[in-house]
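By written order: A, B, C and D. Residues from 1 in each chain.
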Amino acid sequence: MCGVVGIYSNKNISKELYYSLYSMQHRGQESCGMAIVDGKHINYRKDMGLVGDVFKEEELSKLEGNMGIGHVRYSTAGGSHLANCQPLVGSCRKREIALAHNGNLVNANYLRDMLEEDGYMFQANSDTEVILYILARYYKGDIIESLKMTMDYIKGAYSLVIMSEDELVGVRDPHGFRPLKLGKKDDEFIFASEDCAIDILGGEVIRDVEPGEIIVIKNGEMKSYFYSENYKEVKKSCIFEHIYFARNDANIDNVNVYDFRIKCGEILAKNDDIKADIVVPVPDSGWAGAIGYSNESKLPISEGLVKNRYVGRTFIKPTQEEREMGVKIKLNPLTSVVKGKSVVLVDDSVVRGTTSKLIIQSLREAGASEIHLRITSPPVKFSCYYGIDTPNRSKLIASQNSLEEIREYIGCDTLEFLDIDGMIEATQGKSTFCKACFDGNYPVKKIDKEELLSC
Amino acid sequence: MCGVVGIYSNKNISKELYYSLYSMQHRGQESCGMAIVDGKHINYRKDMGLVGDVFKEEELSKLEGNMGIGHVRYSTAGGSHLANCQPLVGSCRKREIALAHNGNLVNANYLRDMLEEDGYMFQANSDTEVILYILARYYKGDIIESLKMTMDYIKGAYSLVIMSEDELVGVRDPHGFRPLKLGKKDDEFIFASEDCAIDILGGEVIRDVEPGEIIVIKNGEMKSYFYSENYKEVKKSCIFEHIYFARNDANIDNVNVYDFRIKCGEILAKNDDIKADIVVPVPDSGWAGAIGYSNESKLPISEGLVKNRYVGRTFIKPTQEEREMGVKIKLNPLTSVVKGKSVVLVDDSVVRGTTSKLIIQSLREAGASEIHLRITSPPVKFSCYYGIDTPNRSKLIASQNSLEEIREYIGCDTLEFLDIDGMIEATQGKSTFCKACFDGNYPVKKIDKEELLSC
Amino acid sequence: MCGVVGIYSNKNISKELYYSLYSMQHRGQESCGMAIVDGKHINYRKDMGLVGDVFKEEELSKLEGNMGIGHVRYSTAGGSHLANCQPLVGSCRKREIALAHNGNLVNANYLRDMLEEDGYMFQANSDTEVILYILARYYKGDIIESLKMTMDYIKGAYSLVIMSEDELVGVRDPHGFRPLKLGKKDDEFIFASEDCAIDILGGEVIRDVEPGEIIVIKNGEMKSYFYSENYKEVKKSCIFEHIYFARNDANIDNVNVYDFRIKCGEILAKNDDIKADIVVPVPDSGWAGAIGYSNESKLPISEGLVKNRYVGRTFIKPTQEEREMGVKIKLNPLTSVVKGKSVVLVDDSVVRGTTSKLIIQSLREAGASEIHLRITSPPVKFSCYYGIDTPNRSKLIASQNSLEEIREYIGCDTLEFLDIDGMIEATQGKSTFCKACFDGNYPVKKIDKEELLSC
Amino acid sequence: MCGVVGIYSNKNISKELYYSLYSMQHRGQESCGMAIVDGKHINYRKDMGLVGDVFKEEELSKLEGNMGIGHVRYSTAGGSHLANCQPLVGSCRKREIALAHNGNLVNANYLRDMLEEDGYMFQANSDTEVILYILARYYKGDIIESLKMTMDYIKGAYSLVIMSEDELVGVRDPHGFRPLKLGKKDDEFIFASEDCAIDILGGEVIRDVEPGEIIVIKNGEMKSYFYSENYKEVKKSCIFEHIYFARNDANIDNVNVYDFRIKCGEILAKNDDIKADIVVPVPDSGWAGAIGYSNESKLPISEGLVKNRYVGRTFIKPTQEEREMGVKIKLNPLTSVVKGKSVVLVDDSVVRGTTSKLIIQSLREAGASEIHLRITSPPVKFSCYYGIDTPNRSKLIASQNSLEEIREYIGCDTLEFLDIDGMIEATQGKSTFCKACFDGNYPVKKIDKEELLSC
């Protein structure tokens, strides 16, 4: 759960990196960073915090150059540490390399052990450093060759942007778990996790980087390689990007995210015969699904929950008694809308169920007569090994409980999820997907137990 | 354009003030502050910045007490200065007073001149200091008496929370321009600009403080006074609070804000016969009106603009060339939604017209075939003297131009505003309003030309 | 215990103010500030912290103008608050005034009560605000007249720099307790508490502002006034400035501070027949006295205590057990110097005696065989009401104890102080002094019991 | 030019590390850091800035454990970067290692090339990372063995403290260029660059770590090893530590630093027959030499230059015209002392000569009639490769100019340096020294041209 960007241009691109990262802030709020080639050397800055806080005019003016990469990193509980900020920058065989990574290896610990056995010293605890070290080991000047060898080692999910002194590379793992788009603006090439990072620059999105593809920009030209000629993996685009993680304006592997979300709501409503007064979205994640549901059901949509736009990272920790305030500060029920009403409450997904429970409780206090929770994706039953920050399986409510048990825990009157077939129907056959979090069919097996931090 | 809160309790209320201010952050992002009585003295902290940044655990732990007031202040161009942060705290005749103000006096300069002539020294440039000084002048122990005398002097819009060592007072000006709610939670009394600041504490909203009313909480009891027995002013509740400024969950002078906004959209649609494919709200201000419009017109609503949730105060200033990026970083058109479509674009109001112009430009670039801008309030033709931060009249696009000229400038295919009658219809006769920004009928005349900063 | 500066020029002086304040940092480390006239208005910035931390290039570039005043404020226990930072800036009768103050009124509370009774509202708790308010009350355009009236009210110690839109004023109280120098550099006029603030600008020190004198710089010309024609007060220059507070390069009321300190050491040695091996100064305050003592006694001087140059404000609070570390981090005994030696330890003054005690203890641990403490000023027996931050009388060790009791508490083998006659001899008759802290003869009686913060 | 410390205890030592680093702040002001074992893992914090700014109560409370190492790093022009802060912490073969380094390798680039050729990726640009990587390569559980192998590779100056999960190691290079002391306090072992870091903890300095020695503390016991049995290098203690870098309270390789400095002044005076009125030290570096000079010459010492105690890192950059202010803010001449006097000005060393020139200029302006500059060390003619931050040889004034040319450039009337024999005499034969900066006899040849950053 991170965002990456890379820009190759013939003018200073530090501000473009800034805008691109700013547009992808939703993909990671813990830390951010940029590395830029000043013609000869790679300079960088990275720190904990939001893009707008880490980079001011002064910092940007110190980071000038025509090529660069950037990264935003998601907040995970344990691994908040400056050493894990990206891009990683290093030098090997007198060449400098910078690397930014979105995804999660399944064999990072195994590879790390292997490298440590050979005397390599790790200075962070992310799987990104593992990629960098393997790349360095094989990098003797030809980045294509060393990347192909690296890709033989690393298993799992990775979308990478890599930069040496004179070339910019975009790489997507053979299953294409995580997104990576290629864009262009005049003579400029742009890699980015999402369309919005290209849109913001006034660039045009050209296409997705293909699974297993290595795209190199050098001397103003683009060349495409594949990590193996025999490569025949089926694309496994992460469907959770479409459900929750990506912005509405993203297109990932030919699927338009907003269309998909609307359709999920429509399909869910099609088989739903609940009688209710209004459809209320959980803001902001439930809006598109709720619109779809409203379209199909003809029930009017209404803003029954008001979101505080200023709730962010800087918020004091509520004590146990203040717990309820902690939720209400984010979402306050709109009494005038819900009082005495039978409400279809729509959200995009349920993971732990705790937030849903508190929302429903507060809607009841505001006087809703009935609450029918509708989730526009299937129950999340399995942990993700490919970079989505789902909790341990034991904490996934749908992994441990029947539909009725979930309903009872959450406290709604009725509960329905979109089923897997319905979800796939919403993709209109435009791609093939990893849906392991719903069905447990993992395209790549997890190799080691203890996990490194993903990105 | 500020928010005020006051809490009277028998336990420490520093965290409650924090939560209340946090919930009203939309009413002011420039600075914030709290003043709390520790039993004997008033301690305070105020600074530039958001509530979550100015107050951390450490600051809150230093501000303990059972009674306190708080303030969030809106960002205005010229007067960003620590000296203008509120609450103002001072001592006079061995009594300490803290005061927080939402509104704007029309005779502040006149009064300030008067006081300066008498040798008073002003240390800030806000009209709030004027109120404090007049109050101090007449305050000899009986706050009711001194407030009544103060209210004889000050003209214009003011909702005040005032605190001495042992009493909490809520005051609303005789026209009731700015909102002020009274709430209760067990033995606790709460004054706040909006319902959400009471909701968040689990309190119950009792009623609006009435125009001209002075409510005093002392020794655990509430007493109500009016500034003058002969008082017969008609309530002039600011309708722009309902249109734009307040949150959807606010109820001001018996009018539910969300209902009002929905109705404005419905009434606008009723007389509109435009043929179009979809209704697109300008997020977030246009949502409620767009839902109303969609309800009435039966045109489907669709999220054609994606808002970046992280755009806030910390953002580098774009150069002239980067201007477009500056808008796109906030609102990116959703090409898949608008391409080839005839769009009804709905927003709550137009002030300068510049943002509308840029949004329409980017929707056209995204392929919208027609754009019909619908504004769910009348054209803003006059400046506000009562605390809404409208620009000088010369910069109000509707003050200087015909409907056709505005349409041409903004670049939409058609343009309609809700008319004043329609807007009043949407209030369902539940109150009487100041609508001077639309019709120029100012309930209180402006007295001096050069303005002090409003709050 | 503060420092003030004022500069009148025909070019931008923000950097000159910066350098001047930086040079007087020893006079106050808690907060600092500058107010500058930009031709029309007074702009200012002030904050807690050192000059180098509060003012960076960016802040200075926002504060431009040809005339300005500045202030550094000493750290006092209770009153650390932004509201007490100086200069104070306000407006009255459409004129803006800024004021910076070094000293302490003895009747501030009395005056404050009087003003509060008249309805004045105080926003800080310093006596400087009292001066500002009285000045404002009488200021109707002629600053000389209003100053004379103000000086009739205020009693005690004050050196002031005051600035209106077009004039700069330096004022010294009728006893001249606190220093104030007048300097010149080309067409520029400079007021400053100490010579170093004029030296640093390449300016020439002209003379001391006289007790009771009001010097006004306006339209490029300097005029001198006295607060009263009948004025016949005897100058009472604070001798503690010479003993401890001022820098060695200061000249106050014709007495060169370094010369004075050397002489104090010499006179003390003249009557001292102790047999010892070396003279060790307590750095840095004891150096000049120790050199004088060594000159006269012919005992060699030796650095027996090493001072950590980085000990400043940012230091964690030591727990009780770490107390000793807290002293050693500042001053570490130089074992090779003191081991087995009979040491004459020289310091400039003893106030509470606690630091001396800890130093002597650590010298003993380092192996000093005998320690003879010699103090180059008399015992401090009385609190200062005129701006030196001496503690309450009960905490002055010499106020409560005999010489032998002090010696025993501190733990030295012998103890001698310079007597009052010796101290006066060291001034060579060049001025007349307030020495109330030694003899209790207060030139101005203290009027009220509870004190406001001094500056 | 850095300081290192390591503590092995049976109680939490985070505050002890703090005090130790604070006491060695003079050895490096650019950045600082601590790494502490919490029983299982090594946690660390490091950042740009002074010890008191980087570590507050909160940071220290997050770093608890019984064993730890710390580092302060000197400010060098180019390499200010967070990545270069120390200690370096990494893991290899499932073991964690932390390392802090004072010194400079002469073959770092050669070794780095070698490692890069083997596929190692460097993430900083310091020679410390080179040491860490070689150590990691050979570290298979026995730190002694891997250290011996590492010491076969690395050439130059290094004093190291190294920590694994359960052992603390102190290492000094075979020439003993940089100091490293061993101390003890009850059951606690302490390694530190200087005595003061042990003194501050109330510990006892046991001895110097010997050149080529590896001292390991494990399971509460200390063991000593030497890197090679055949080791016969002659100790080459850096004499510049004694001249300038170390504090007066340091003892390095049996030479007491303060004694040495006093003797240097005495020996210089012995052969000097200049007639003058006073001896003036350049504060603070010239004090000890000046006292020695005064002792021997019988000329009285006098503080002719006042140092501003607050000049530190946070200071705006003076423009060309303000250059003079920039010097005066640090050192202001004391006119009353120097006016009309013939002055012997004493400093410890001359490197570039620019500061001396400006000081002499300001003394002349203050009226000194003659200025005789006396330097208590020989002319610095050669760059240091072992960790002292001397500039490129071309910028060493004594490397390019005759005595007379230097005198003329600096602008003094006469100029004398202590000669090499005199300097050695002052060490009283207690050790053997590297004096390459004076005579060009480098104990270890420099291998590569382009330098990595030293520490």
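Throughout what follows, a contact is a pair of C-beta atoms (placed from the backbone, for glycine too) under 8 Å apart; a residue touches a chain by one contact, two chains touch by 3 or more.
Keep in mind that this is a model prediction, so the values were computed, not measured.
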* To do: Go through the assembly and pull out the chains touching chain C as well as chain D.
  => none
* Structure fact -> Relative to chain D, the most remote chain by C-alpha centroid is chain B
* To do: Take the average of all CA coordinates in chain A, do the same for chain D, and state the distance between these two points in whole angstrom.
  => 48
* To do: Could you grab the centroid distance between chain A and chain C? Build each centroid from C-alpha atoms only and quote it in angstrom.
  => 60
* Distance from the CA centroid of chain A to that of chain B, rounded to the nearest Å? -> 36
* To do: Mark out which residues of chain D touch at least two other chains, giving numbers and ranges.
  => none
* Asked: Which word fits how the chains touch one another: line, ring, star, complete or other?
  -> ring
* Structure fact -> Chain pairs satisfying touch are A-B, A-D, B-C, C-D
* To do: Please give the residue numbers of chain A that touch chain B in the complex, ascending.
  => 15, 18-19, 22-23, 25-26, 29, 50-53, 55-57, 60, 196, 199-202, 247-249, 251, 256, 258-259, 284, 287-288, 291, 295, 300-303, 306, 308-317, 322, 324-325, 328-329, 332-337
* In the complex with chain C, residue positions of chain B that touch it -> 82, 88-94, 97, 113, 116-117, 119-123, 132-133, 136-139
